[in-house]
């Protein structure tokens, strides 16, 4: 399945880059396929692997603060592996055009 | 922690009430504190209990279809239990007014 | 259409109740049908009325801070008015059981 | 402000690529800065420009179906333009490492 998540520390100043860096280091070391974007991180994997990774990230941020808001969107489609690459390509093929990524 | 989730079967017709009923039966039997609203279900519990419940609901819906989109929002605040009741009450107290629920 | 939204001021301390109270006062005075829950506010109305209300709330919170994260989920179904009441009732009818709200 | 959105037609089959292509054509022609990812589209612009674009996309999909679920996440930070490029770069600089995008 595909999942996008974002983790926001609440109450620690409006610059939260150190926390985001901590999260992305965990993601980069996880072994799961991922892609980051300006609003979140998309990962692909099985339910347990994905939720275990997000749990680790969530608690790494919570450790240094009082309150954390985490949002997760899951798109789970049977029998479709490697959608982290194929979803965007499939749309570009339909449009016969390369889009901004 | 508090978590709100919603599960949408994609590609099964625009009336998805049977799937929603299946999900809410699982939630009602879970033993976790919950509140349903027109857009989702709020549950309160520990990370593993909450994600285990959502996993069970997600797979119950996926079982009968091809594709499921699940969104989860988590609000985790240290040392604050029973927020499923207290969050709304705290706002009503500030406003000195009862709000629609 | 139905829309649920939540507005989080980032970087202003972990207790954000004053901002939430400000938002709910605006919602309560808006004239739109609404229901609040521990994770957000559900409103029902036309696209422009709903987005105008959320804009007003978002900017009321941003005015007093540096950064605001707002999430919105919209469920728009043709020819179905008053879903803010009927969606939950329809599920309870299927389950022949009253659920926690 | 930055906003990520995704639009899901409900009840039209599990392959929704034609609708996604329609949406991305509108986004690509909008003149707003954007980046697509496997789970949604990130755009940068003023509140009214961004919500007008999402409204156009939402109604283009609703036109061909019965029900549409649209989710929007907004990150609005005062005095920070061009965050669609700078947010990811800022994290990579902290980590002294290029991440997958």
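For reference, chains read A, B, C and D in written order, and residue numbers begin at 1 within each chain.
We adopt the following convention: contacts are C-beta pairs under 8 Å (C-beta built on N, C-alpha and C of every residue); 3 or more make two chains touch, one makes a residue touch a chain.
These numbers come from a predicted model, not from an experiment.
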{"item": "Copies subunit B and subunit C - rotation angle from C-alpha fit, nearest 5 degrees", "value": "180"}
{"item": "Chain whose average C-alpha position is farthest from subunit D's own", "value": "B"}
{"item": "Cα-centroid distance, subunit B relative to subunit C, in whole angstrom", "value": "15"}
{"item": "Mean-CA-position distance for subunit C and subunit A (Å)", "value": "25"}
{"item": "Averaged-CA centre spacing for the pair subunit D and subunit C, given as whole angstrom", "value": "21"}
{"item": "Touching two or more other chains - residues of subunit C", "value": "14, 66-67, 69, 71, 73, 75, 77"}
{"item": "Residues of subunit B defined as touching subunit D within the complex", "value": "8, 10-16, 65-67, 69, 71"}
{"item": "Subunit A - residues contacting subunit B, complex", "value": "47, 51, 55, 58-59, 62, 66-78"}
{"item": "Subunit D-touching residues of subunit A, taken from the complex the two chains share", "value": "2-4, 6, 14, 17-18, 20-21, 24-25, 28, 33-40, 42, 71, 73, 75, 77, 83-85, 87-88, 90-91, 94-95, 97, 99-101"}
